[in-house]
Every structure is written in structure tokens, then in C-alpha cells.
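Let me give you the structure first, and then I'll get to my questions.
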Amino acid sequence: MEPEIAVPITSDADILTARQLGRQVAARTGFGEGDQTVIAAAISEVARNIVRYATRGEILLRPINHGSRRGLLVVARDQGPGIPDLTLAMQDGYSTGNGFGVGLPGTRRLMDEFEIASEPGRGTTVTMRKWARS
Amino acid sequence: MEPEIAVPITSDADILTARQLGRQVAARTGFGEGDQTVIAAAISEVARNIVRYATRGEILLRPINHGSRRGLLVVARDQGPGIPDLTLAMQDGYSTGNGFGVGLPGTRRLMDEFEIASEPGRGTTVTMRKWARS
Amino acid sequence: MEVPILKLGAYLMASIQSALTDADLLHLRDALVDQVGRFRSRGVIVDVTALDVMDSFAARTLSDIAHMIRLRGADTVIVGIQPDVAMAMVQLGLRLEGVATALDLEEGLAFLARSTRERISGGA
Amino acid sequence: MEVPILKLGAYLMASIQSALTDADLLHLRDALVDQVGRFRSRGVIVDVTALDVMDSFAARTLSDIAHMIRLRGADTVIVGIQPDVAMAMVQLGLRLEGVATALDLEEGLAFLARSTRERISGGA
């Protein structure tokens, strides 16, 4: 199994670190430049949500395989306040902060697989995968 | 009874094959060009859902009669993951992928009759009919 | 089925010749977004006259193309949507909102001539 | 990482050199809105060529900059959005609607020259 990289997210600057590491791991995994940018953008969105809504958390990055396909697993998790209504949070334009509200639905559009789990008071976990084009 | 055409759907290119065959069968059945395009568009949507969400499945095309009326029956079926909440899936704008979420509700608007059945873990079947204007 | 892209002075023209698979459409998108910078084009025309059907994936991809090209500083116009195709699109719920359209190539060129002049003179 | 702002005659040019934190972006916004008045600038160019990613916060901040500068009586143009960045933005749902864009610095300067001339001659 490939090593996993864990990036602690506690500040603005960690958002940059996470997306830059994500881009590097994606490049090593065989993603083209376009997909590297897509992955970096997705990481930027979920990392910012951690800082903004949960104060702290972490991003895990792991290269994965499915048969001969290479991919990247990105997990963003925190023990913050959680999201009471996930259906609402996944809607374009919905924001309890002052964002555009495109972070979560947009990130789903960027990635091939996207799951979000959240328990109010316990935290939020976003699990997403992107597969390299062969 | 008219012969039935079964189009296996496993790839991008099969979406084109299915909608082009659908157009041909519709033309032979007596549909005008406008309705041929409507039928081709409906087939395109359900065929893409098979590729995207169920990986593989098939489209059945059969000319039908009701009294003196001629029509076309289109069945799209797969043994994919199924749809847990059909009411939600039939809503405009609802997508678990990265589509517009208009595929299913839009297809219902295009056709005269539309039914969808799905069992989680067992697959999805869309049954729809269009009647030629006499 | 690759879509040929022609360079017409300051414009690029992509002329769809037949039905396209989803992969063909994505390829067209990537090629246009790349070439608009390479050739410093001011406008892009996508001619869909030969398209048999515009389904939700094609509509989304054309809309994405127009917005991506916009971010690269140029304008896009979709030309040649046939009457039957337009009718099926609207019934499906596809409206190409925020995307410029014109009847045919001639009108599309006229649109770009105006919009790029406009853009130059500070409109928009 | 502070963004240098250059004064080019009647224009200000902010040239982003690398990835920026949210705080850097807000700092850039405040500095531009302040300096456009201080230097009585007629136009602002923000060059994002070096930006690795334009996420929703960066897009919102650039859009805010353009609208704030507009309220101060000057024009803004964003230049240098790279093909990959444009593609990821549109997939995210970020369109920078109502914000002028140009391919690169040269096109951005040409845009401002024409838009500010228009504005002076009473157009727009």
C-alpha cells in the first residue's frame, strides 16, 4: 500500500500547503497538469471549509489503484460542529458563511467520487477520489 | 408483434448508437422529424445514465400500436446500484454526479409516458412511450 | 471523430461534422481552451448545425466551453442549433443561459465582430 | 507573500507572483482600493498568470476587487488565467461574471486603453 500523507489544517497557510502537496502527489501518481489543477482546487475548497467552519482538522492524501487504474484518495476530516442538513449544504449557492456556496457542490463536480458524512457536534468527513485518465 | 431491438450499452459510443437506432426506428414507425429528435434526446439521456451510474445495461426499442395509433416503446435497464430515492432523482437539478440533474425529469417531459422502477443493489428500469401524431 | 478547428483571422471556428461522443466533446473543449491562447483569438464560433441531438451533456460542455473561453479573455458564439434540436432542448430543460447563440455562421461572425469591437471600446 | 503593485502611468498593475493565502488576497484588495484613489488611477490590471489555482475564495475576492474599483471610478481587468485554471474554475462553478478578462498583460493594457478612453468621452 502506498504511504499516506497527513496534512494538519489549522490556518490559512495550511490551505496552500495542502493543495501544493496534493498537486505533487497527483503528479507523481500520473495525473496530467489539468487534473493536478482540478485536484488542487478541490483540496483548497475542503481545506478552507475546515479552517472556516471547524477551526482545525486534517487532509489525508493517498495514491490508490483499481486494477490498472491509478488514482488519488483525498480525505478531509475535522471534529468541528458538523453540518445539520447535508442535502442543503450540497446545494449550489447555499452558504452559512459569506462564500459563494459552491465549495461542496463544486468539489463534487471536480472529482470522480465524492462522499460527505457529518454528525452535528462530532465533525465532518469528506472522502473523494479522482482517477487518472489512461 | 413488431421485432424488438436490443442495444447493449457499455460505453460512450453506445450512447450514440442507441440514439441513432432509436431515430431510425422512430422514422420507420411514422414519427416526424421533430419527434425523432425528441426520442433520440430521451434515449441519449437514459443511455448516459446507464454508462455513468450502472456501467452497463441495455436499451430496448419496440414499435407499438394502440388501436390505430403507432408508437415507440423504449426501455432502458441495468443491474447497477439502483436509485435509493426516486422522488429526489426525478427532481430538476438533482444530481449525485456532475450533471445538470435534468436527465430524468427532462426525459419525462419529452415522452408521453414515463415510468421508473429501481431497487437499490438490483438495478434500474426506465420504461417510456411516445405516440406518433396522426 | 475529432472536430476540426479552423483559424479565421482573429477567430477560431469549430465545425461539428456529425454526432459526437462525450469524449469527443471534452476533447473539443480542451482543444479550444488551449488554442484560443495559442492563437490569441478574440472569438470562437462553434457550429453545431450537424449535431443530431443536443442532450444534457452536450449542452453542459458547450456552456462550459463558453465560460472557459470567457475567462481566457475571448467571446464564444454557438451557431446552427436546428429547430428540432432547439425544441427538444427546451423540453429537456436545457437553455444555455449566459451563452451567446446565432442563427448561422454569417450571423455568428457578425455577432463576434460587434462583441469584440464592443469589448475593445470598453463595453460589457 | 505580499503582491507588488506597480504604477504604470494612469494604471496600477498587481502582479501575483505565487500562490496566495486568503489573507494575502484581502491585503491585495485593500491596497488596490486605497491606491486607485491615492494615485488617481484610471485602470487596474491584476495579473494572475502565476496563480496555481483559482478557488472560490480567490474568485470572490477578485470579483470584489473589480466591483470596488468600479465604485471608485476606475476599470479592472484580470489577465493571465491559464487554461487549466479556467477549466477547473468553470467546473467548480466560478465564472467571474461581470468582470473583464483578457488573455495577457498586452491585451489587458489594450483593453484599459480603450475602456478608459470610452469612459472619458462619455461612453459606457
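Going by the order they are written in, the chains are A, B, C and D; count residues from 1 in each one.
By our rule, contacts are C-beta pairs under 8 Å (C-beta built on N, C-alpha and C of every residue); 3 or more make two chains touch, one makes a residue touch a chain.
These numbers were taken from a predicted model, which means no experiment stands behind them.
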Applying the touch definition from the top, give me the chains sitting in contact with each of chain C and chain D.
none
Contact partition of the other chains, chain B left out, is one piece
Rotation, 0 to 180 degrees and nearest 5, that superposes chain A on copy chain B via CA atoms
80
Please compute the C-alpha centroid of chain B, do the same for chain C, then give the distance between them in whole Å.
28
For chain B and chain D, what's the span in angstrom between their mean Cα positions?
47
Separation of mean Cα positions, chain C and chain A [Å, integer]:
32
CA centre of chain A versus CA centre of chain B: separation in Å?
35
Shared interface positions of chain A, touching two or more other chains
34, 109
Chain D residues counted as touching two or more neighbouring chains
83, 85, 87, 89, 91
In the complex with chain B, residue positions of chain C that touch it
19-23, 52-57, 59-60, 83-85, 87-89, 91-94
Per the touch rule, the chain C residues reaching chain D in their complex are 29-30, 33-34, 36-37, 40, 64, 67-68, 70-74, 98, 119-124
Contacts from chain B onto chain C in the complex sit at residues 12-13, 15-16, 19-20, 23, 33-34, 36-38, 40-41, 44-45, 48, 92, 99-100, 102-103, 105-107, 109-110
What residues of chain D sit close enough to touch chain C in their complex?
75, 79, 81, 83, 85-87, 89-91, 95-97, 100-104, 107, 110-111, 114-119, 123-124
